[in-house]
Amino acid sequence: MSAPAASPSVLTLRGVHKRFGDVHALRDVTLEVRPGTVHALLGENGAGKSTLMRVAFGLVRPDAGTIVVSGSPMATPFTPLQAIARGIGMVHQHFTLVSAMTVAENVALGASGRYAPDVVAARIRDIGERTGLVLDPAARVSDLPVSAQQRCEIVKALARDVRVLILDEPTAVLAPDEAAALLQWVRHFADADPSHAVVLITHKLRDALAMADDITVLRRGQRVLCAAARECTEASLADAMLGPDERARALDEEVVPHMTSHDDSVGAHHEVVFADALDVRDTRGVMRVKRASFAVRTGEIVGVAAVEGSGQHELLRAVAGLLPTTSGRLRVPDDIAFVPEDRHRDALLLDASLTENLALRDAGTRRGRLPWAEFAQRTRDLLDQRDVRAASATVLARTLSGGNQQKFILARALDDAPPALVVENPTRGLDFRATAAVHDALRDARDAGIAILLYSSDLDEVLQLADRVLALHDGELRAVPRDRDIVGRAMLGAAS
Amino acid sequence: MITPLDDFLAAAVRTATPLALAALGECITERSGVINIGLEGAIICGAFAATVTAGAVGGSSGVAAGFAAGAVAGVLVTLLFMLFTVYLRADQIITGTAITLFALGLTGLLYKTVYGTTGVGLTIPTTGELPIPGLSQLPVVGRAFFAQPLVTYGLYLVVPLLAWWFARTHAGLALRATGESPDAALAAGVQPRRVQALAVLTGGAFAGVAGATLVLAQSGTFVEGMSAGKGFIAIAIVVLGRWSPIGVAGAALLFGGASALQYLFQSLGWREVPYQLFLALPYVLTLLVLARASARAQAPAALARRELTLG
Amino acid sequence: MTATPTSSVLAANVGREGRGALGQVAQVATLVAITMGLLVLLLAVTGYDPATALRALARGAFGSWYAFTSATLVRAIPLALTGLAVALAFRAGLLNIGAEGQLLAGATATAAVLGASGAVPPLLSLPLALAAGMAAGALWAGIAALLRQRFGVLEVISTIMLNFVALYAVGWLVRGPLQEPTRIYPQSASLAKALQLPVLLPGTRLHLGVLLAVSLAVALWWWQRATAGGFRLRAVGMNPHAAATIGRVDVARVSLLAFLASGALAGLGGAVELTGVTYALYENLSPGYGYTAIAVALLARLNPVGVLGTAVLFGALQAGANAMQRDAGVPIALVNVVEAVLILLVIASDRLRGTRAEATA
Amino acid sequence: MLISERFSQTRTRRSALRLLAALGASALVAACGGGTAGSADAFRVALLTPGPISDQAWNGGAYAGLLAIRDSMGAEVSHIQTKTPAEFEENFRQYGAQGYRLVVGHGFEFQDAAMRVAPDFPNTVFVCTSGNATAPNLAGMNFAFEEASFQAGMIAAQLSTSGVIGAIGGTELPPVRASFIAFERGAKLVRPDITVLVAYLGTWDDVAAGKEQALAQIARGADILFQNADAAGLGIFAAAREKNVLTFGANANQNDIAPDHVIGSVVIDLPRALLLVAREVESGAFQSTVYQLGLRAGVVNLVLNPRLESRIPADLRARVDSVGTAIIEGRFHDMDDVLRPADRAGTSP
């Protein structure tokens, strides 16, 4: 415990418990944020970081625990409005802006009484001058680029005289230089006023060590570490985040496993996917991929590195045969498999059985009666062989955990050994164990000779898995060496 | 000199009044992301409650009481809809259909219970026209807009007030945000459920007043099923008016005008055009307008969505 | 339950509803019982003798062979066909509220074809007329389908609009082009005996339509469960994005076909009602079958065979309501309340169960 | 399992089951033929109306007739409001099967169904108002509404100061159209230059529509309104009251609905008409025919409102009465071309 006398904390969460059904999301978690500091909240996906902060912001009602703001406790339950009134602001990982409304309207949202656009606009400009977070108050949010939307989120919080700012993975959607600028600003905000503080939710050790004063680490809903940043090292944090046994695996993963010497055993590396001067427009007719040329060969993973909205969404769908190409040449096998990033939206019939979900693959081309008995058998085989934890083939897809859903989706895609596979953000939202399982499955598929085109918004994941890397910037694709710095610059469009 | 145009416009405004009331209420409701197909039920309940109350109280205070009762009845029947859709998150279309069925049946049943076989006749006190001195003498628009029952003048206040409220109050922002993105609204400190609940009930009150208007400012009597599809017309009006109060008022006037055209044509002796055409015209018009892309762009993004928040 | 290949087929399909057919029937029975309890209360409150009224209700619906076949089942036929229409559309994720208008379109086309079919032998003209009814229903639904696909118009709104347009169109037609030859009454010419749908059981009004409804329901049930096309329909209804992305299903095409098929079923409902019951086109041909159909489909959990059961239930309710007015003086409007309460109870029980399931998930 | 899931408390479950059992029992009782109301040999009369009997007009009048049969003949009566052709036949058959002796379908729309049903129930007499079909146990009953409408037109024309009068109908049904033509001819007889505005609402229930159409006609100068619109007609009275013009009631005596604005009503004495046929049926004197009931039978009358009667000059009154006498004596032929041959084919009692 830190000494309370010198600097009473601006935000304290004590003994927070939260269960979702059978899952203990948070167990007796305590967090103290000192004034004028940046407090990094570290943990793997699913460790409970976001949930904890949603508790602090009144979005999640805890089963037990107290929340104290600037010395006085919050009456539980409380609403985000009450949290805001007490000077807490939260910027969510997935933006919570109303895209049909203007910046000013979004900033004003949540207050009461009369809304005067001029006053709010002046305030936004004022904040812009003070902080460098410049925005056009009259712009519609839907017209703004991602980085401006992020600024809008922060300005929204600042406009309410927020003293404790909670940022949930703020750099996830930003390009590296934008991310760096943002973190600089965060440091500046914390230093500007002794009543200020920032909670930075992240899973990036580097960011935490570089920017934070204090670091709290959560693992599986429990606090496993709370220390000053200067007392921590990457190794100690990794130990805390992953636990001793899993850390070993994680370090293994850092080693690039795919040896080029391995190539000969696969035989002739013919190009399974081949694109030449490919143009792709999105569903609204906007050109998103321009003259892309590349190939994916048997037995390799080609990784695409890009910041959000660079055209990767369209590129992957064009290759998967789901989006028509405008011009250029594209040669892909008919039975190419696709694993989309949004499991619930694009990959599963949540209210159907696993057997029916298996049958969904190729449902568009089947005729006549469906061989349900065969599907059921294949589903059971698949559950056994691919280590998908499900009670039976007849359970609803909804009842599976996220990790098992993704394992099922991947297994389904690989079920009849397709020559090529397109994968998009395959581990989004998965915990460490499930992530490792997905990575293993992808490498196994690659080793079995399948040509894989992979995109991940996590540059580290791309570098971990890919044999070759393509950087995509504003629709323009080029091959780059597997070097973090080079790739990072290339995806921003900087000359190499 | 009173021209056929004057009369036509006056009839259009009169016919538009209950439609505009119901549609403005539905506009509020839909802006919060809920579509209330049970509007028809709220209208008929409002009409019935207004009939019973105004008849029992009598006189001009009876009219006032009738309007109040109409609003209360509209709220009560909509409360059922609200509990189902906002709190149980039941399907809005199906619940709304059931509510309409429920209200039409219940009012029919209660009407017989209260008034027996002879009905209520013309014993209900009504509001008359209340010409505004000066304004009602204006050419063309004078009689049409300024020689109407009080409730119509109420609309002249409500429409701009509502437009202002949508755009210039934080409550209005909260309402629109809830209809666009309940998640965003929630994160900004708005309570989407509460907003939707209040919006739906407000819509019910408006519909109830619309029903009361049918009785107290127009017919002077109650007839089973006298809402005659006006709730559905109001939903079309909201679409046609692109979810904005001014637009809704204009669209209501257009629908009123289509009906008034039928009266005008027949009274001028032009009976070659089948009256069904005039009755169907507003619906066809709405369908045609819907086919224009710009109309849909205004629709609240979360309209009729069952899950309130995605998180 | 251990999954053998054959049982798992069934489980895969039934499992989605989360419980067996027996459980569903039990649930519906419970809800009907609660509704009846509320009915008794309502009758007592409004001053009618519940015992007399309920006896009349039972007698009107099931009291005699005649009542069952000619009041309950005859009503159940259009309810079943429109119920199948709604169930099919809902299953595909289309909120087709327009079965009423599609039914009217079907009846109108049937009347027009039979009116103009003079020289064609009845054996040919009757099927032709039913086909015309289906085509007209599909066409009427096609307007909403087109608006949805080309312009993104919510089908909920467009189908409601189209119901009113259909109603007024029929009102005009029976006073205009389709009016009976003497041009006195607002109705089309009454059908000659040969052009009427044959009565199935002598001494009753039960016509051939019942066989059509039953066979279509069974066929649809089988089709949805066993065939690729049926699975595509369900997949699109459950999640069009996944159907397109993983199944590579042409969602627009499946939606369009489902909408057209739904309209055709409702249109057939109108055609069958005209040729089997009313024998002429009237403005008031439908007492709102297309709206009741929503309840029929929902209560049956969109199961085509279940639709048969709920159609009979609602047919019995309405037949019983007629008897309640005849024999106990209870206003017929009461049946609306009963139907509404039943729908609300179904929704409530589903949602309460759903919320609990979500809470423990 | 499901029930226990839904009602975790056994108490609730038990009562639900009890309710189910009670329901099953009542169905069983009904199925065994128990509980049929009334005795088998009572004289039973049924009425089917297309609209609500609270309209104080066409439907309300017929219901009054039904009650008159009950009260003066001690009959058991039943009424049902039904709007859908599919239900017409069913209800006819149900009444037939229950041994009703007389079943009245109140409107032309019931005729087709009655024709189909009548042969199957030879012991039941079916009567359709405004109908013209006959069978051994099926009669039509036409009301010469136009006779008194003609008289109403005469009064309207003379009382009008503007020279414009109006007539508003629900939908364009044959008897409505015929009476409007009679109204116009009566008016023109008195005042050849009179303008008669005719309109149809397309509905019998939409009161607001009735009022609006009335206002539209009043705006066109009409100061006397004739109407035949049932429930929607109430809106026409409301408009008359608001704009202080005179109207005529129709079908039933509507003079009291707006006592200062209804000059008189073209009344169909439905109680009288229905009693007439009911007595014939009961006594066995019924003969299949198309009843032609008008002034002569005393079934159709122009009943003036005593409060406003003084406005009608004596000479006009005499002229109206003389037309009435001519009609009763069969000397009036101004409407012969309008009415259908079938209407005239029937006998007039």
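The chains carry the letters A, B, C and D, assigned in the order they are written, with residues numbered from 1 in each.
One rule holds in what follows: contacts are C-beta pairs under 8 Å (C-beta built on N, C-alpha and C of every residue); 3 or more make two chains touch, one makes a residue touch a chain.
Since we're looking at a predicted model, the values are computed, not measured.
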Contact-graph separation of subunit A and subunit D, given in steps at minimum: 2
Most remote chain, CA-based centroid, reference being subunit A: D
Selected interface, B-C versus A-B, where C-beta contact pairs are more numerous: B-C
Whole-Å gap between the CA centroids of subunit A and subunit B: 46
Approximate Å spacing (C-alpha centroids) for the pair subunit B, subunit C: 30
Centroid spacing, where centroids are CA-atom means, of subunit A and subunit C in whole angstrom: 47
Centre-of-Cα separation between subunit D and subunit C, whole angstrom: 33
Where subunit A touches two or more other chains, by residue: none
Residue list for subunit B, restricted to those that touch at least two other chains: 112, 224, 276, 279
Residue numbers of subunit D (touch at least two other chains): 202
All chain pairs that touch each other: A-B, A-C, B-C, B-D, C-D
Residues of subunit C that touch subunit B when the two form their complex: 42, 46-47, 95, 97, 143, 147, 150-154, 156-158, 160-162, 164-165, 168-169, 171-172, 175-176, 291, 294-295, 298, 331-341, 343-344, 347-348, 350-352, 355
Complex contact set, residues of subunit A against subunit C: 21-22, 321-322, 338, 340, 342, 345-353, 355-356, 359-370, 372-373, 375-377, 380, 392-396, 398-399, 412
Sites on subunit C touched by subunit D in the complex: 19, 23-24, 26-27, 29-30, 33-34, 36-37, 51-52, 54-55, 58-60, 62-64, 66-67, 70-71, 74-75, 78, 171, 175, 184-187, 190, 205, 273, 277-280, 282, 284-287, 319, 322-323, 325-329, 331-332, 349, 353
Subunit D residues touching subunit B - in the complex, by the definition given at the top: 52-56, 60, 63, 166, 197-203, 205-213, 215-217, 219-220, 231-232, 234-235, 237-238, 241-242, 257-258
Subunit A contact footprint on subunit C (complex, rising order): 1, 3, 5-6, 8-9, 11-13, 15-16, 18, 226-228, 231-232, 234-235, 238-239, 241-250, 359-361
